[in-house]
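Shared chain: chain A. Partners: chain B in the first complex, chain C in the second.
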Partner chain A sequence: MTVLVIAEHDRGEVPIATFEALTAARTLAASMDDTVEVVALGDESAQIAPDLALHGAEVVHTIMSPVLSDYGPEAYAEAVVALVNAISPSAVVASGTSRGNEVLAGVAARLDVAFAANVVAAEKSAGGFSVTRQQWGGSLLEDVDLDARVAVLSFAHHSIEPTEAPAAGTVSTFNVDLPDELARTVIKDRTVTSAGVTLATAPVVVSGGRGMGNAEAFAMLEELAELLGGRVGCSRAVTNNGWRNHSDQVGQTGTRIAPEVYLACGISGATQHWVGAMGSKNVIAINTDAEANLVTKAGHAVIADLHEIVPAIIEEVKKRQG
Partner chain B sequence: MKVAVCVKQIPDPAVPGELDPSTNTLNRDDKLILDESDSFGVELALQLVEAAGGGSVTLVSMAPRSEVSGLRTALAMGADDAVLVSDDALAGTDALGTAKVLGAALGRVEPDLILAGVESSDGYTGTVPEQIAGVMGIASVTFAKKIEASDGMLSIQRQTDDGYDEVTCPMPALVSVTGGVVEPRYPSFKGIMAAKKKPVDQVGIADLGIDASAVGFAGSRQETVAVVDAEAREAGEIVIDEGEGFQRIADFLAELKVI
Partner chain C sequence: MMRVLVCVKRVPAPGSRINITDDEQDVDTAHLGFTTSPHEECALEEAVQIVEREGGEVVVLTVGPAEAEEQLRYAASVGGTSFVLVPTDGTALDPQRTASIITQAVNESESEGGQFDLILFGNESADSAGFQVGVRVAHALGRPMVNGIKGIEVGESTFTAQRAIDGGLEVYEVPRPAVLGILEGINLPRYPTMKGRLASRKAVIGEAPIDSDAGGLRRVRLHRPEETVSQTIMLPTEAAAAATAVVDLLEELGVMGGES
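Entry: the complex of A and B
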């Protein structure tokens, strides 16, 4: 049988999350002697096939339709369900990104089967599948038995290192008539407010919390982030105070990040925030409170007044960068 | 304009949650409060009805023991009425079961627009809104940060990683709303008093035509067999700044090859 991976792409650009899902899917497929096949939707689906093949896709099913010309969760879910009904895979998986989770939620609702989101491990069991998934924003791991004829799973984003495993990547066109009605959700325009590296993908995130005191203080974090090739983030207290836009918020209801380095300035580290930052490989905390949550989770913490130390760090970094 | 808002009443996040060791599900025996992430949906609904020059805001919730305290908070903000689904058979219902129940309850309300939070603060599954739309067969837009309605059409700013998309869709539709996009109003004293008299339609699953075997632990296709804490991080090196702290941080950054 087949483990079917839903490839995400944004107008032809495949995010690393999809390669993570493919890597996890290969492990699941190998445990069941299944093959890994991918479904790619929209006009660019054939053009992304080589990248998908490089990461282990034996077959790339392409589905093209006027209603799939741009991303729409409803049309995506309907198209995937049509393919699932045609090829009867043992599992349908994607990355646990916002898009991946919303498409799979729709797929599971239409197939009337369980959906396990943000899975870190999965295997076939006698009655269905046994999976381990992140729960409560990743602070708990839950072992769940899924009673399902087909497993619908998303793999937790950032929980696996994507690797290459070249496979045939045979392109197979799947024809399906999707009702025009599915195009009722239309993307009219796109606005990019943060050019280049995004908060979600930045290798370095310099974040400020309540301890920043005001919106103006973020100028120094902007300067430091730029020197380090990173982006500025913030905690919920900051957006609640109107100092930064919600798009900069790291946390459960903001952006989940996984940078190499997370430098948290004046952030106490409520669970809500930590959930979004826990994917960081190295955490450096600056706080006046040695008992602050984030200080106790950081690999390196300096107990200091951020208003004094951040300008000094900027000068030191400039000096060392020459 | 008729807006329905899905609201969840959750254990107070300020009080650490406990799992029931026999079922590995969250203990919901304590008093429940309105999920803060749903207060944004309530506020947006009130603003949309005000902008439309009339209409109503109906809350739809599923909770044990006919719990209404969280609903009263949202009614005090200005919502008009509520539908509360409460039934002993619902304990242990999974996300899809919840979507079916809420979908059936929303069907009774026949709203032009359904708002929901992106994900609850106690379960973090984040799948229910999309599944409600799937069950009801209506259009959906997620991660909305701004919504405008006119002539049966919605115009929505959908948050993306690097900005936002302008998305349009016809009503009825379900829209999930990100947190922090509006400032939820505080209930006034008058609002709190009025909320006590606002109608709450209490229904069971039989009223919604849902069979007990399709929901609850019986209908759940997911059984949680174990829960463990994700690996906690140990505290690393903590340095008290005595004037050299900036150099230590630059050292860490150099060690991590950032500079």
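Entry: the complex of A and C
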């Protein structure tokens, strides 16, 4: 049988997440003696086939339709379901991105089967599949028995290292008539809000929490971030107080970051904050409380008042930058 | 006039560590408070703001233990107008079952009070993070659904919804009635006022006993991911010495370039 992977692409651009999903799908398929096939949707689908082949796609099913002109959760789900009904795979998988989870939820709803989101391990069991998935943004794991005629799974983004495994990548066109009504959830327009380095991709994040005391105190974090070519982050206590915009929030319901250095000032390190920051390579905490969770998690810590330490750091950076 | 439904879930609010019960079936809530997900708080705030502008009502629905009344009363204190609790025995329900219960509750409420122009969910629940209940409900109702929404404009016959992506926004235009999944950051939820607290005390919580069959996911156990225990190196606490040590470290890690 087949493990069917849904390829994500934004107007022909394939994200790393899809190669992560393909890599995980190969492992799952190998354990069941299945083959890996991919479904790619929209006008650019044939053009991305070689990349998908390089990462292990034996077959790339392409589906073209006027309602697949751009991403749309309902059109995507409907198209995938038509293919699933035609080729009866043992599993349908994608990466646990916002699009991946949204499309798979739509696929599972239409097939009336279970869907396990953000899976970190999956294997065939006697009654179906044994699956381990993330809860609480990854602070907790849940082992579940998945009982379904087809396993619908998303693989947690960033939990697998994508690797190449060249395969045939035979392109196969799948024809299906999708109702025009599905255009109702297709992207109509796009706007760019920030070009360049974003919080998610910044090499340095200088973050403040409730310990900052007020909105004005963030001026010094802005200055330090600027000197280091980084971005300012914050905790939810800060956004809740209206000191910073939510787009700066790091955590479970904010942004997940993975900088070289995370400098956390006056942040206690609740689990919901930490899951957003734990991808950081080096963590430095400035906190008056040596017992704070973030201090325990950090590689380095300064146990002192941030209002004294941060200005001194700025001084020193300026001095050395000349 | 708009009739808006918001679906919220009662979840524990753990601090620096999530503990698990001895039978590994649940989060140990012995010393924890409860809350709703920030995504759902924002969904509620958005519904209240829409109804403040357009007129209408905000119905708040939860499927949960009797104690989930606390989350509905909180909703009353920040502008919700009517409240439905679908009681459970407190054990976690799988997402298919939850979706089916909510769909039935929507049908019942609509047959009495008229169609919901808009149904709001959180992007995902805070605890189980199934990423699916809203999508399933929308599909069962035959309505359009987009998740991850950070902006809503109400039109004559449509909603223009903005979805956040890294560095930008996607714009969707969905016909009414519609279902949307909300992300935190779409607004800044208000705090309860004195008047709100009074409203919360007076709020009548309607109960709708509904059940449905279990779906295809069955919890075996909860556990914590392996933690990498790191030894924290304590740097000097005096300002100048601390600054020297921190900047030495920044140099060592090669992030002193300053090019952005």
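The rule is simple: the second predicted complex is superposed on the first by the 259 of 322 C-alpha atoms of A that agree within 3 Å, B and C clash if a C-alpha of one lies under 4 Å from a C-alpha of the other, contacts with A are read in each partner's own complex, and residues count from 1 in each chain.
Simple rule for what comes next: a contact is a pair of C-beta atoms (placed from the backbone, for glycine too) under 8 Å apart; a residue touches a chain by one contact, two chains touch by 3 or more.
Keep in mind it's a predicted model, so treat the numbers as computed, not measured.
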{"item": "Partner chain in contact with A:293 - chain B first, chain C second, else both or neither", "value": "second"}
{"item": "Touched partner set for A:198, first chain B, second chain C, both or neither", "value": "both"}
{"item": "First (chain B), second (chain C), both or neither touched by A:282", "value": "both"}
{"item": "Chain B versus chain C as contact partner of A:302, first or second or both or neither", "value": "both"}
{"item": "Touched partner set for A:269, first chain B, second chain C, both or neither", "value": "second"}
{"item": "Touching partner for A:141 - first (chain B), second (chain C), both, neither", "value": "both"}
{"item": "First (chain B), second (chain C), both or neither touched by A:322", "value": "neither"}
{"item": "Touched partner set for A:252, first chain B, second chain C, both or neither", "value": "both"}
{"item": "On chain A, the residue positions that both chain B and chain C contact, one per complex", "value": "73-74, 98, 101-102, 105-106, 108-110, 113-117, 130, 134-148, 184-195, 198, 200-201, 203-204, 227-229, 236, 239-240, 246-247, 249, 252-254, 260-261, 263, 272, 282, 284, 290, 295-304, 309, 312-313, 315-317, 320-321"}
{"item": "For the chain C and chain A complex, residues of the former touching the latter", "value": "14-18, 20, 27, 37-39, 94-96, 99, 123-124, 126-132, 135-136, 139-140, 144-148, 162-163, 165-175, 183-185, 188, 215-225, 230, 232-240, 242-247, 249-251, 253-260"}
{"item": "Interfacial residue positions of chain A with respect to chain B in the complex", "value": "73-74, 77, 98, 101-102, 104-106, 108-110, 112-117, 130, 134-148, 184-195, 198-201, 203-204, 227-229, 236, 239-240, 246-247, 249, 252-255, 260-261, 263, 272, 275, 278, 282-284, 286, 290, 295-305, 309, 312-313, 315-317, 320-321"}
{"item": "Residues on chain A engaged by chain C in the complex (per definition of touch)", "value": "71, 73-74, 96, 98, 101-102, 105-106, 108-110, 113-118, 128, 130, 134-148, 154, 184-198, 200-201, 203-204, 226-230, 236, 239-240, 242, 245-247, 249, 252-254, 260-261, 263, 268-272, 281-282, 284-285, 290, 293, 295-304, 308-309, 311-313, 315-317, 320-321"}
{"item": "Contact set on chain B toward chain A in their complex", "value": "17, 24, 37, 94-96, 99, 118-119, 121-128, 130-131, 133-135, 139-143, 145, 158-170, 173, 178-181, 220-230, 232-233, 235-241, 245-250, 252-254, 256, 258-259"}
